[in-house]
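Going in written order, the chains are labelled A, B, C, D, E, F, G and H, and every chain counts its residues from 1.
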Amino acid sequence: MNSDIRKLLEGVKEGTVDVDDALLKLKVKPFEDIGYAKVDMHRKVRQGAAEVIYGAGKTPEQIIGIAETMKKNGQETILVTRLSQESADIVAKAHEMTYYKDGRCAVIGKMPEPDGIGKIVVATGGTSDIPVAEEAALTAQVLGNEVVRLYDVGVAGLHRTLAHMEDIMGASVIIAIAGMEGALASVIGGLADCPVIAVPTSVGYGASFGGLSALLSMLNSCASGVSVVNIDNGFGAGYLASMINHMNAKKEAK
Amino acid sequence: MNSDIRKLLEGVKEGTVDVDDALLKLKVKPFEDIGYAKVDMHRKVRQGAAEVIYGAGKTPEQIIGIAETMKKNGQETILVTRLSQESADIVAKAHEMTYYKDGRCAVIGKMPEPDGIGKIVVATGGTSDIPVAEEAALTAQVLGNEVVRLYDVGVAGLHRTLAHMEDIMGASVIIAIAGMEGALASVIGGLADCPVIAVPTSVGYGASFGGLSALLSMLNSCASGVSVVNIDNGFGAGYLASMINHMNAKKEAK
Amino acid sequence: MNSDIRKLLEGVKEGTVDVDDALLKLKVKPFEDIGYAKVDMHRKVRQGAAEVIYGAGKTPEQIIGIAETMKKNGQETILVTRLSQESADIVAKAHEMTYYKDGRCAVIGKMPEPDGIGKIVVATGGTSDIPVAEEAALTAQVLGNEVVRLYDVGVAGLHRTLAHMEDIMGASVIIAIAGMEGALASVIGGLADCPVIAVPTSVGYGASFGGLSALLSMLNSCASGVSVVNIDNGFGAGYLASMINHMNAKKEAK
Amino acid sequence: MNSDIRKLLEGVKEGTVDVDDALLKLKVKPFEDIGYAKVDMHRKVRQGAAEVIYGAGKTPEQIIGIAETMKKNGQETILVTRLSQESADIVAKAHEMTYYKDGRCAVIGKMPEPDGIGKIVVATGGTSDIPVAEEAALTAQVLGNEVVRLYDVGVAGLHRTLAHMEDIMGASVIIAIAGMEGALASVIGGLADCPVIAVPTSVGYGASFGGLSALLSMLNSCASGVSVVNIDNGFGAGYLASMINHMNAKKEAK
Amino acid sequence: MNSDIRKLLEGVKEGTVDVDDALLKLKVKPFEDIGYAKVDMHRKVRQGAAEVIYGAGKTPEQIIGIAETMKKNGQETILVTRLSQESADIVAKAHEMTYYKDGRCAVIGKMPEPDGIGKIVVATGGTSDIPVAEEAALTAQVLGNEVVRLYDVGVAGLHRTLAHMEDIMGASVIIAIAGMEGALASVIGGLADCPVIAVPTSVGYGASFGGLSALLSMLNSCASGVSVVNIDNGFGAGYLASMINHMNAKKEAK
Amino acid sequence: MNSDIRKLLEGVKEGTVDVDDALLKLKVKPFEDIGYAKVDMHRKVRQGAAEVIYGAGKTPEQIIGIAETMKKNGQETILVTRLSQESADIVAKAHEMTYYKDGRCAVIGKMPEPDGIGKIVVATGGTSDIPVAEEAALTAQVLGNEVVRLYDVGVAGLHRTLAHMEDIMGASVIIAIAGMEGALASVIGGLADCPVIAVPTSVGYGASFGGLSALLSMLNSCASGVSVVNIDNGFGAGYLASMINHMNAKKEAK
Amino acid sequence: MNSDIRKLLEGVKEGTVDVDDALLKLKVKPFEDIGYAKVDMHRKVRQGAAEVIYGAGKTPEQIIGIAETMKKNGQETILVTRLSQESADIVAKAHEMTYYKDGRCAVIGKMPEPDGIGKIVVATGGTSDIPVAEEAALTAQVLGNEVVRLYDVGVAGLHRTLAHMEDIMGASVIIAIAGMEGALASVIGGLADCPVIAVPTSVGYGASFGGLSALLSMLNSCASGVSVVNIDNGFGAGYLASMINHMNAKKEAK
Amino acid sequence: MNSDIRKLLEGVKEGTVDVDDALLKLKVKPFEDIGYAKVDMHRKVRQGAAEVIYGAGKTPEQIIGIAETMKKNGQETILVTRLSQESADIVAKAHEMTYYKDGRCAVIGKMPEPDGIGKIVVATGGTSDIPVAEEAALTAQVLGNEVVRLYDVGVAGLHRTLAHMEDIMGASVIIAIAGMEGALASVIGGLADCPVIAVPTSVGYGASFGGLSALLSMLNSCASGVSVVNIDNGFGAGYLASMINHMNAKKEAK
C-alpha cells in the first residue's frame, strides 16, 4: 500500500527523481496512488466481493466495455443496477449474466457465498415498494450477504409485521422500505435490536408528495438505531447494510 | 323551531305584515332564526350537553360574562378551552369550576353522565402530547362521553401499544395523538375497527417541522377509517369523536 | 373467538402440544388467528357487507383470482377500485359485474340493501371532482349505505350549495370533496350538524399545487366536526363514512 | 407639469443651457421632475386626499419630522400606519391626532369627506383578524371613502355571513380578510358583483403556517373578481380599494 | 326581480299557499330565485356584455349545447376559454365564431363596443407569457373594454418597459403578466397610478418552480395598488380588470 | 430467554395456570416479557453498558427518581441527555455525576471501558456544531466506545479535513455533523470505507432553513455508505454508531 | 454615443425641433437611444465578441432570420443556445455553423480568440451534469475565453477533485456545476482563490427535488467567493464568468 | 512557496529525513504547508489587505486574542463582522478600533487605500436593508475598494433607481440588496454592464417568508450577469465583489 508515493520518495532519495518533479506530483495527486481509482462511481467495495456498475444514463455498449475491463482485472462478480430490460438484452449478448426484472438489476458472474455476520432482512410496507427492495436485496447478495425478504408487511396490518418477529429479531441489519406514511421503519426499529436502514419510496399519491411524507416520517422516527437514505435509494441501503454486516472483517483486518 | 319564520309568514297571511317587508327580512336573515345563534364560535353542541367557550384571545372578564349568559339560559355545564392558569384563577372567583392544568381547560358546572354508544379512547405517542390529549379528552367528557386515556403508547415501543389491545379493539371511536413521525395513527388504525381521528402535534424538533411531518404521515395512512384534524387541535378531535359516539341519538331523532 | 389460541393452550394442558412448539406459534402469529386475515389490504369490512379490492397496480388476472377466492369464501359483493376500462373489460369476462366509468370502480355481485343510520351525502365543489366523488359514493353504497349525490355545489356559487340545505341538514354523514380553495368543507361543516369528511382533490392549476391548497384549507376549517383524508382518497372517505353510519351496529353488537 | 424638463429644453433653445449639461441632466433624472418625489414610500395618493406614513421601523421623532414637512406643504390629513401605542404617545405631543388602537394607526388632521363611487365593505372571518381589518378600513377612510365594517362573519357560521347580504350586494368594493382556511373570500366573491380584495392573515395555528394556508386558498378562489394582497397587508388592501372606488375621478380627469 | 319569492308570499297572503309549504321552500332555495342561476361557472357578467364558457374539461358537444342555450336566451356574444384547436374546429361547425389561437379562446358572435372608463393595458415580461396575456386581453375585450397590448417589456431590459410610459401612465387598469422573477408588477406598480392586477405565469425553469417564484415576488410587491390572481389565470385578471373599468356603470346604477 | 412465556405455558401444562388467564396475558403483553421493559424511551441498550435518560421535558426530581430505580436494578452507568445546567445542579445533589456542559449531558457512575470493534470518529463542519457532536460522542462513550473528536474540519477549508486522513481512514464508524451546506458527509463518505452517519444541524442562517438545507444535502450524498438521522439528533447518531461498532458482540452471541 | 439625444437637443437649440415634441420623445424613450437596442434578450455582450440567440421557444425559421439580421450588422460570431438537433439541422441549411450536441448549442461563424485575464474552469460533479456544463463552456468560449473542462470530479471521490488542483488553483474564474448534494461548489470554493460561480442542476432523484437540494447547499456554502445562478442555467454562468474574466477590458476602458 | 514540502523532499534526498516519516507527513497534511493556514474561517484574503474575524458566536475575549495574534503577524487592518455593541465595547478596550453600528462591524487598524479596478456600488431596495448593506460595504472597503452607497432605491419608486444611472453604469461591480420582492437585482442587472451580486434579505413580512421570496426572485432574474449569495450574507457579497474588483491583480500576478 501507498507504494507509489514510497517509490517516488525513494526515487528522490536515490537521486533518480528530481525534487521539483516530486513536488508537483505529490501536490496534484495525493490520493490517486493510494488505491481509490475506480472504473465507476460505486466505490470502496470490499476485496473479494463484487464490483457495481450504476446503469442509469449509460448505454449498453458502455456497460459492456466497463464490465469487460473489470473482468480483465480479475473481477468475478459484477452487479449492474438501474438497467432496463432493453439494455439488459443487449448486454446479455456480450456477457453471460442473470437479469432480475423486479429489481431492474443484472448480475454478471456468479453470486458470492455469504460471509457476513448474520442475515440482512429487507422488509417493505407494500407490494409497490418491491422494485426498490429488490435493488437493495440484490446489492446485498452480490456483496456477500444472506438476505431474507419480508415483502408487504406494512403496519396498517400489524399482524403481517408481527408474523415475522423471528426474522426481525434475529436480523443482523434490517432495511425497512416504505412509501406513504413510512411508519414501517419506526415499528421495526422498535422491535429489532440491530441497525435499521430506512428507505422512503416515491410510491403513493396525494400528500405523499413523491416520497417526502415517508422521508420526513422516517427521519422523525422515535425508535433508536434507525437512519435514512435517499428516496428510492435501494442500492445505497443494500451497500450500507453489507458494510455493517461485514464489520467482523473490519475487526479482523486490524 | 323555525318559529320566527313561521310567525313572519303567518303575519303575511293575516295581513299584519307587508309582503315587501317580509321579502327583505327573509333575504337577509334566512338562518339566524333557525337556531344557530351562538354566544361563541364553538357550534352545534347537542341538546342537553355542555356549551364550549374558546378561551384563547379572550379576557377573563369576557369569559365570565359569556359564562354568565350561558348559565342564565339554563346551561348546566360549560367547557372553557385554551385557558391559562392565570385567567383560570380570575374566572374561578366568579364561577365555581374545576381547572384541568394538563389540558389547559376548565369545566364550569358538573360533568354530564356519559350517554354515547361506547367508549372514546384517547391515545398519545409520547408524554409531550398530553396537553393536546387532555383538551380532546375533556371536550369529549363534557359532551357526555366515557373516555379511556392511553398515554405514551408510541409505536417505537410497540409492546406498549399492544398492551392495550383490549381497549383499542373495544373502543367506539379512537383519537390518536402523536408528533414526530405520527405512526401511531396507522398502527392503531390497522388494529381497531372503529373510526380513528388522528391529531398531529407540534411536539418534536428538527425535521418534525412543527407538526408537518406527523400531519403528512397521518394523511398518508394506509389504514382504513383514519381521518385527520389540524395540528394540536385537541378540541376538534374531541368534538368530532363525541359526534360519532352519539350517532345513536341521530338515529333515534329520526 | 380466539378459539385457535384457546385450542393451542388446551393442547398444551392436555400434553398433546409441546411447550416449545406453542411458544413459537404464539410469538409469530398472535393476531392472525383473531380474525384479521385478509386477501387484500382493504381491511375490517363489516360482516355481511362487501369486500374491496384495490385495483391499482394489480393485473386483471390477479383481480380475477382474488375475486374468485373471495366468492368461494361466500362473499356476495365485491368492489374493485381504481380499475381502468381496459382492465375492467378483461375482468368482466370472468366475473359478472357492473363497471362504473365515472368512479373507475366495478362491483361484482349485487349492491347490498342500505342498513345504516341515515343517508350519506357526497358533495363536490365542481364537476372535475366527480371521479373522486364516485369512488367515495360507490364505496359507501357497496358497504350498505344510501347515498345522496350533490355535485357541482361549490361555494363560489353559494346558491347552489344552499339549494340543497334539506339534504345537508338531514344527512347522517357528509363527504365534502373539492379542489382549488377547498372552501366547501368549511361551509358545509358550518351548516350541517353531522360529521363531515373532507376530501381535497388534485383538480386545479397554478397555486393549487396538486391539491395542497385544498388540503391546507380543509385542515384549517373553523367548522367543528370536520376531518380530512388524503388528496383524492375517495375510497377512504367512503369507507370511514360507512363506518360512522353503522355506529348503530356497533352499539347493538355490545 | 413636467415644467422642469420644459424649462431645461427652453433653456437649451434660448442658449442659456449648454447641450451637454442638458444631456446629462436628462439622463440621470428623467422622472424626479415629473412629480413623483415623495417624503415616504407610500406613493401616488390622489390630490386632496391624505398622505400616509408607514410607521414600522421609524422613530417617533422621524415621524414627527415627516409629518411636519407634510403639513408645511399644505397636507391636511396624514395617516400613520403600524404605530405602537408608545410611539403614538410621543407623536401626540407634537401633532394633534387621533390614535386608533385596534388598527395600530393614527390620523393627524381630520378625516376627509367620502367622495368615492360607493361604500367599501371590510369583512373579517373572525375577531382576531380585526387589527388587519382596521388598518384597511382606516386607510380607506383617510383616502376619502365610506367604510362598512362586517367583522366576525366567517363562513363556518354561514348565517353570520348571509345576515349581511344587503351590505355585500350593495358594496362598491369589498375587502375580505381571513386567516385559517380563508374561505371568506370565495363565499363573498360568489355573492358580490364588485371587486373583492382578499387579505390572508397570519392568525391561526398548526397547518395555517403563518397565513400560507389562507393565502393559497384565496389565490385558488373559483369566484370571479377576487384578487389577493400579501399576508396581513391591510394598508395595501385599503389603498387599492380606494383606488378602485375613485375610478370616477379617473374618468372625469380625462 | 325576486318575483318568485314575492309570488310565494302573495300566495301565502291570499291563502293559496300553505304556511308550512312556504316555510320549506324558503329555507331550501333562498337565492336561486334572486337571479344567480348560471349555465356555467363564470358568473355575474354585466348585463349587455358577453357570457363566458370555461372550456377546460368540456367536450365540444357540451360547449355547443351550452352556447345554443345562451344564444336562445338572447346572448349575443359568448367567450369560450381554454379551448384547444381540435375542439374549436368541431364547435366552429355548429356556431359561427372566431378562434384566437394565441389565447386558446373563441368568440361566438361579435365583439361588443368598448364602454369602460378607459383603456386596459395588458403587459407581459416575455413572449412566452403571451398565451396567458391573450386570455386576459380577449376576456377584457369581450366584456366591453379597449385593450392595449404591451408584450415582452420585461424589466431586465428596462428601456423596453419605459418606452411605453405613455400607455402605462394613461391606463385605466393594468394587467401585468410575468413568469420567472415577476418583477414586472412592481416596476409597473411603481410607475402607474391605477390598479395593477398581477398574473404570475408558470413559464420558466429551475427555481421558478412552476410560477411559485413569480407569485411570491408579486405578493411582496412594495408598490401600492398591486394585487395578485392565481398562476396563469388570464381569465380572472381580464374579468376583474373589466369590473374595475366599469365602475362608472356601478355609479350610474345607483 | 422468553422464560416468562415458557413459565406461563408450563404452568398451563401443570394445571397451575388457568387457560383463560393465560389467554388474556398472552394477548395483552406478548413482548413485555421478552425483555423490552424500559423505564424510559431510550431502548435496547446492550447488556453491561449504560442506560440512558432523555432529559428534555423531565423535572430534575423525575430524573433523580428514574436514576435511583436504575441504580437499584444494578445499573452502573447512566447517561442523561438534554440536561440544562440548572437541572444538572439539582440532580448532582442526589447522584454523584459528571456534567458535560458542551454536550448538555451528564453521566452518573463511571464511563465503561471501550469494547467495540474500533474507534468512532465524531467530526463537525464548524465549532457551532459542537453541542450536537458532544451529545453524540458522550452517548457513544457511555455505551462502551472509544471516540475520536475531529471538530471544525469543514470542507470549505479542505486542508483541515485532509489533515485528519489517518483518523478518517482508520475509523470503525464516522459521525459527520454539519449545518449550512452539509457537504462534510459527502466528502468524508468519499474518503472513508466505513459506515458514515450524517447529522444535519440547525446551525446557520438564511437559506439554511433550520437545518433543511444540510438535511437535503446529506440525503443526496453520492458517497456510498452514508445514511442520515434527524436534524440535531446527536444521541441517535451516537446510539447507532455504537450499535454498528458492537456488531462483533452480535456475531459472538450467535 | 448618446448621439440621438444630442441631435434632439441640438435640434431644439437650432429651433428645428419643437420643445413639446422633444419633451415627449425624451420621456418615452430615454434609453433606447443610448445603445441598448437588442435583437434578443441576451444583452450587453462586449464589443467584438459574439451575439447570443436564446433558442428555446423559437422556430428554426425565426432563428435563421435573427441570425441573418445580426450578420448583416457585422456580427461575426453568433451562439444559439437550447437548440435541439432537429432545429439545428434546419438552421444549418441557411447558415454555416457548428452544432455542439452535448451542450445543445450551435455556433455560427468562428470562435473568437481568447482575450480574457486567464482561464475559465468548468467543473462538474458527475457526467449527467455535462449538458449544463457544455452550455456554460461554449458560452464562455464564444465570448472570448479559454476554457478548461474538468468533468466528473465530484467530491464523493475526492481524489478526482484533487487530481486537478493545478487547474483549480490557476483559474481566473471557476464554474462549479453539480446536482444532488451540490458539495462541489464548497470544496472548490475552499481550494480556489478566484470567484466561483455555482450552478445547481436538476440531475438526480428523490430528495434532490429537481435541483432544490443542490441549490440550497450551494447558497449555504461556507466558502468565500461563491455565488449561485438558477438551476441548469449554464448560459448565465458562462456569461457572468466571461464578464469577470474581462474585467481588464473594463479597466482599460476607463 | 511550498517551501515546507520542498524542504522535506530535500531532507529525503540528503538522507536526513526517513522515507517512512516523509510518507506519513505528506499524506496527512498535504495543504497545510502550502499557505492556507488561517486563524479564522474567513479565508484567502489578498496579500496586503485586511484579515477578517467572523464575530458571531465568539466571545469578546476570543476576538481580542485572535486580533492580537493577527497583529503580531504584521496584519495592519482587521475587520470584525457580526459584532454587537456590547462586545465591541469590550474589544475596544484592548484594540484601538472604529465600530460601525449600522453594519454591526468593527475595523481594527486603518482602512486601506482602494486599489481595485473601479468602484463597487452597494444598492438597497429599502432602508431596512441597510445593516446587510453596511456589512457588505465595510467588507469591500477593508479589502481595498472604493464603495458607492445607493440606499433606498427600490424599484417600486423607479425614479429613485434611475436617478443614479451614472453610478450604476459606471460601476465595476454592483451589490444589489433587497428583501420582499427582490426586483432590484433584475432592474439593476438590466441597466448595468458589470457583474451584479444579489443579496436577498430577511426583511419583510407575510409571504416574504424570511427572505425566500426575494431569494427565488433573484435566482430567476432574466438579466445576465446576476448571481446570488445567501440571505443576509453581506460579508459574502462584499468579499466576492472585492475579488472581482481585483481581477487586475490576478492578471498582473501571472
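Just so it is clear, a contact is a pair of C-beta atoms (placed from the backbone, for glycine too) under 8 Å apart; a residue touches a chain by one contact, two chains touch by 3 or more.
Small disclaimer: the values here were computed from a predicted structure and weren't measured.
Number of steps on the shortest path from chain A to chain H, with steps defined by chain touch: 1. Contact with both chain G and chain H is made by A, D, E, F. At the chain B-chain D interface, residue numbers used by both copies make up under half of all numbers present, so the two copies contact each other through mostly different positions. The distance from the centre of chain D to the centre of chain E, each centre being the mean of the chain's C-alpha atoms, comes to 24 Å. Chain centres here are Cα means. That of chain E falls 39 Å from that of chain G.
The mean-CA centres of chain A and chain E are about 55 angstrom from one another, to the nearest whole unit.
Of all residues in chain H, those touching 2 or more other chains are 27, 30, 34, 41, 43, 126, 154, 156-158, 190, 206-208, 212, 215, 219-224, 230-231, listed in ascending order. Looking at which chains touch one another, you get A-B, A-C, A-F, A-G, A-H, B-C, B-D, B-E, B-F, C-D, C-E, C-F, D-E, D-G, D-H, E-G, E-H, F-G, F-H, G-H. Touching chain F in their complex are the following residues of chain C: 2, 5-6, 9-10, 12-13, 15, 19, 22-23, 26-27, 30, 34. The touching residues of chain D, counted against chain E in their complex, run 41-44, 117-118, 172, 190, 193-195, 197, 215, 219-231, 236, 239-240, 243-245, 247-248, 250-251, 254. Those residues of chain F that touch chain H in the shared complex are 126-128, 154, 156-159, 162-166, 205-208.
Those residues of chain C that touch chain D in the shared complex are 125-126, 154-158, 180-183, 186-187, 189-191, 204, 206-209, 212-214, 216-224.
Every residue of chain H that touches chain F in the complex is listed here, in rising order: 27-32, 34, 36, 38, 41, 43, 57, 200, 202, 211-212, 215, 230-233.
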